[in-house]
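Paired with subunit B in one complex and with subunit C in the other, subunit A is shared by the two complexes that follow.
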Partner chain A sequence: MARYLISRTLQILLTLFAFICIVYFIVNAQPGDISNVYAMNPELPPDARERLQSQFGLNEPLWKQFLVYVRNVFTGSFGVSFSFYPRTVADVIAERLPRTVALFFTATVFSFYLGFLLGKIIAWKRGGWTEYATTIGGVTLYTVFTPWFALMMIWLFAFKAGWFPIGKFLDPVLWRDAPIEANTLFGRMMLTALALSIIVFVVFVITTRLRIGGARLIQLGSIVVSIGIMLGAWRLTGHGHLAWDIVKHMVLPVFTLTLISFAGTMLLTRNSMLETMREDFVLAARAKGLPEKAVRDKHVARNALLPVVTSLVFSLAFAVDGGVIIESVFSWPGMGQTLVSAAVAEDLPLAVGAFVFVGIFVLLAHLAVDVIYVFLDPRIRY
Partner chain B sequence: MSGYPLLAVEDLTMHYQTRAGEVCAVDGVSLSLERGQSLGLVGESGCGKSSLALALLRLQPENAQILRGKVLLDGVDLVSLSEEEMRTYRWNRIAMVFQSAMNALDPVYRVGDQIIEALEQHSNAARQDMVDRVGELYKLVNLSPNFIQRYPHEYSGGMKQRAIIAMALACEPDLIIADEPTTALDVIVQDHILREFGNIRKELNMSMLYISHDMAVIAEVSDVVAVMYAGKIVEYGTAEEVFNKPIHPYTRALMSAFPSVTGEKHELATLGGEPPNPLDLPSGCHFHPRCPFATDMCAEQEPPTVRRGDHWADCWNPPED
Partner chain C sequence: MAVDVAPQSAAPSIRKVRLTLFMRSLRENWSLFLGTRIGVIGLVIIIFYLVLALAHPILMNTVWEERVYDPVVGYAFDETRQPAPPSRNHLLGTDPLGRDVLSQLMHSARTEFLLGLLAAVVTVTIGTTVGAVAAYYGGIIDTILMRFADLMVMMPGISILIVLSALIGVEHFELALIIGILSGFGGASILLKSQALSVVVKPYIDAARAAGGGPLHIIFIHIVPNLLPLSFLYMMFTVTGAIFSEAILSFLGLLDVRMSWGLMIHTTEAAGYLLQVGAYWWLIFPASLSITLLCTSFYLVGRAMDEIVNPRLRRL
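After this line comes the complex of A and B, so read on.
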């Protein structure tokens, strides 16, 4: 396993380097640079434009610029952003990336869970109206024009019902005199979520491994207790209402993303279930006298899960391009928005940087899925 | 105990619903099997052996329907039980060794845990007792206890076969159904496992329904033989009677394909032709298009049952006794 991880890391670094080169040249192949933004400004004399270009090093030959960029990558700054001058690209991205990761990670977990659950159910009870309703509903949501659907969600739940805020990451009025930076707070929220999932995961692993009676109850109890402790701790910090504000802003985009993407997992799960149901070990499980629910969950669904997890990697690509749209509609200041605004502002370093970080994220997620797979399928050993 | 035989099947009939029409895979089958006895069910591929086996456990696929008949286990009719009650009979009273035993183990669980899963379902014993029981079973089928904690893909074909036999023995069932359990193995391994399995079964006084298309195998393992053709039992009797004095031409044809069984040469040519299309069965005796003794009568009317003691067969033109 250690050897595998090392070789995979090297592989990822090589892929990443190739990716950086390609992205760099493609982004630079488009006409214009930061000075174009001022080109329409009649007050800007031509020599000022040239000065601007030479200041950013844009009059150098492209290969020289590229070498400078590579150096910047290795020093970790990824260059200076033109539109956020003098902040570095790494700095801008460090602020934006966690928001996107939080949004999409949560939505991916929800949509995977929902899709798998529904897929399992419709595969088991075939031919009923539930199957038709769920399939048609899911496929409709899956293929719907995303910006329109996102706007409808905002209109319905934020504007009409008023349950959620209309877009954005936080409520500026609430945060005007806040004693803490939004990003610092958000970082702590993410740490809390991470701690919570680790605790729950450990409890689940321990209770299933040890086969203690009433495992379900212990699991449920541990979830409730740890959530309670976390909430209490947040209250004590005095920043609870601020954190709650961010959570409220997250709900609608996560819900929307979940709705438009769960059907992919659902249909895959359904097919995978139908395939697995034909296996002999399923017949054997029935012959052993197991109740239908145990046959479905312990044997069919457990094996049907494997190809569905593999597909998770591919759905990540969907998450990235859907991200630009969803973030724009919800004014969510994450990577998608950063990418769009960098492109509009001809902020080439930031655009390249944003692509590169999306690339890093996808590669790491891919690695994570590979590692998870080792735990899911005993036949896979590295 | 009761005066019932362990297993009595009466007029069992099962149909498959297919797009092309109805397939009558099990057609009025009647059988009986005493405790400790072994019944060999033989017939060409596609004649309905596996369908019959699944119907006994009520594990037939969704498109199948048991139309009529009874499956009496110790006098209790399994066909009329609720699904819930039926589950308590599966594996606990009737266990099965499947046709494709190679794939009957779930690849994501340790083999030992899969055996324990069956034990848990039918007893309230402490976990340690179940673990000990798995150890015993492994010893019984000659598997190294080191493999209890391994996954199926780490087993060889023969080992999987043994593990599956161990699993079938786990709850000490009254009846084990073995559906061509060894076809995926090479002949030597097959023979070896078969003998061991036969000995264990006799020691534990379990009954067995052994299914095969291979007369030689049936000869080796059965006390009683039933010959199946196109969904029907066409001949039934003790192994001695059926092999020494077969009545039905189909049985004789099957045996001539394996002359080693009786040692002597048969005048019959090996079985020609194809098994009939189940959607369009020949009239009268289903075997008549392939039968060297067929007469006009055979194509017109179903053959009568010829009885010689407990040994019987359905045929218009049985050989002289």
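After this line comes the complex of A and C, so read on.
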């Protein structure tokens, strides 16, 4: 396992290098540089433009710039953003990445759960009208023209019903005299969510392992109690209403994302279930008279889980890519929106930096899938 | 003497047998396809849009006056204010610039089909060739091609397309090529290689090699035909992806195209009618629903073909 991990890490570094090469040259293939933005500015004389170019090393040939860039990346520096000038690319990304991750992680977990649940059911009722209706509905949502669907959701739930705010990350009026910075608060919220999920996970693992009666009750109770404690703690800090504001802004994007992505998991679960249902152990389980529900949930679904988990990890890795559209429509200041605005504003360092982060994310996800496989499927050995 | 006669008369009959076999498998697959139902629904929607796309040039040459109904430069002189609601002359109303929405819709349908088809053909051509070559040769060629495929799969597609089209001018043709190359060298070649691996170990490949068949002959005559069902299936998903990407890019106003469904919504957005869903529905729904329906239908057909091509999904 250790040897495998080392060779994988080397491969990942190589792939990352190739990825950076491709992305760097694609993004830099366009003519001109950031000083072109000031070409029409009468207050900026030509020598000032030249100074600007030499200051950022833009007058050097591209391959030289590239070598400098690669050296910087592997020493952990991503350069300076042009559109947020004094801030570094790493700083901008460190602010934006958690927002994207929070949004997509929540949505992916929901859609994974919903998709797995529905996939189990439609695989079991193959050929019935339930299956056709669910499949067609799910596929329609899956391939729906995302900006339009997101706008319909905004129009329906935010504009007409007024239940949720229309886009954005927070309400500026509420935050004007806020005693705390939004990023700090958001960081704490993420920590809370992490703690909550760890507690729930531990309780689930313990109750399943011990095989005690009333496990469901204990699980439910522990979830309710820990959520209650967390909410109480937030109330005591006095920033509760601010945190609630962010949560309120998150609800609609998360709901929309869940609806448009659950079908992927659902169809994958269905196919995986159908393949598993042909196995002999399913026949054996039925032959010994187990109830259908037990066969479905305990024998088939668990064995069908492997490809679904893979897709879960990969879909998390590609959150930034999918985020481009949803974040633009909901004006959610995350990585996707940063990428688009950087590309439009010719802020090339930020665009390349965002891509490189996506690449690192995807590669880590590949590694994570390989490691998770060993735990999920005891037949796999490295 | 009889031994000499047999091969001569066998030549036409082999072709005949092949044709019969082909027709029989086609009939069998067709009835399987009809049995999936979701595929039939998809096919009906695709045919509907195909009819729309084909009807546009006919209508432009007969009933519709070009001055009024041209999808890009036409102007509805018979309406007093634009955008005009649906009327007898303009079944889906006019857009903020006074152009007929139905004409735009039908004109764009043709572009979407061409775009999707081109992207899918490029994808599958590259994917099948790469997959077959990698599986046949193995070794270092396989490693290089597959690592390259991994790299392509890693690319965040929509983001790359957005950046490319924001930085350099991209039209439909270039877009189809870019999508085709990205998915052809990426997902398609990985999938088709895994299928090709199960083909190269078949005895008839050894037989072809023993009979003196060269690598190119074996790859294109013996391996590739066996990959065609799967690549045809992959085409459907590529079409969905291509139409979707095009719609997103032209919705964001990043493509240099004159008319497309995404651009129709972009026009609506630019004119500020986007959130007036109830009052100006004909500016938003026809184009968005068309994108959704066409993407969905190709996806459904792909799913239905998956049920046929993938033996593990066959009914017991």
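One rule holds in what follows: the second predicted complex is superposed on the first by the 355 of 382 C-alpha atoms of A that agree within 3 Å, B and C clash if a C-alpha of one lies under 4 Å from a C-alpha of the other, contacts with A are read in each partner's own complex, and residues count from 1 in each chain.
Assume contacts are C-beta pairs under 8 Å (C-beta built on N, C-alpha and C of every residue); 3 or more make two chains touch, one makes a residue touch a chain.
Every value quoted in this text rests on a predicted model; they were computed, and no experiment measured them.
For the composite obtained by superposing both complexes on subunit A, the positions of subunit B and subunit C are free of clash and fit together. Ranked by how many residues of subunit A each touches, subunit B and subunit C are led by C. Using the contact criterion defined above for the overlaid structures, shared-chain residue A:326 touches neither subunit B nor subunit C, since it reaches no partner.
In the superposition on chain A, no contact is made by A:182 with either subunit B or subunit C. When both complexes are overlaid on chain A, the residue A:312 reaches neither subunit B nor subunit C.
When the two complexes are overlaid on their common chain A, residue A:73 makes contact with neither subunit B nor subunit C. In the superposed pair of complexes, A:252 makes contact with neither subunit B nor subunit C. With both structures placed on the common chain, the touch criterion links A:143 to subunit C but leaves subunit B unconnected. With subunit A as the corner point and C-alpha centres for all three chains, the angle toward subunit B and subunit C works out to 70 degrees, nearest 10. The gap separating subunit B from subunit C at its narrowest, counted between C-alpha atoms of the superposed chains, is 8 angstrom. Shared contact residues of subunit A with subunit B and subunit C: none. Taken together, the subunit A residues at the contact with subunit B in this complex read 211, 279-281, 283-291, 298-299, 302-303, 376-379. Residues 15, 18-19, 22, 26-27, 29-30, 126-127, 132, 135-136, 139-140, 142-149, 151-152, 154-155, 159, 267, 271, 274-275, 278, 318, 320-322, 324-325, 328, 336, 339-340, 343-344, 346, 351, 354-355, 358-359, 362-363 of subunit A touch subunit C in their complex. Per the touch definition, subunit B reaches subunit A in the complex via residues 57, 59, 87-92, 95-96, 98-100, 103-108, 117-118, 121-122, 127, 151, 153. Only residues 37-38, 41, 147, 150-151, 154-160, 162-164, 166-168, 240, 244, 247-248, 251-252, 265, 274-275, 277, 284, 288, 291-292, 295-296, 299-300, 303, 306, 310, 312-313, 315-316 of subunit C touch subunit A when the two sit together in their complex.
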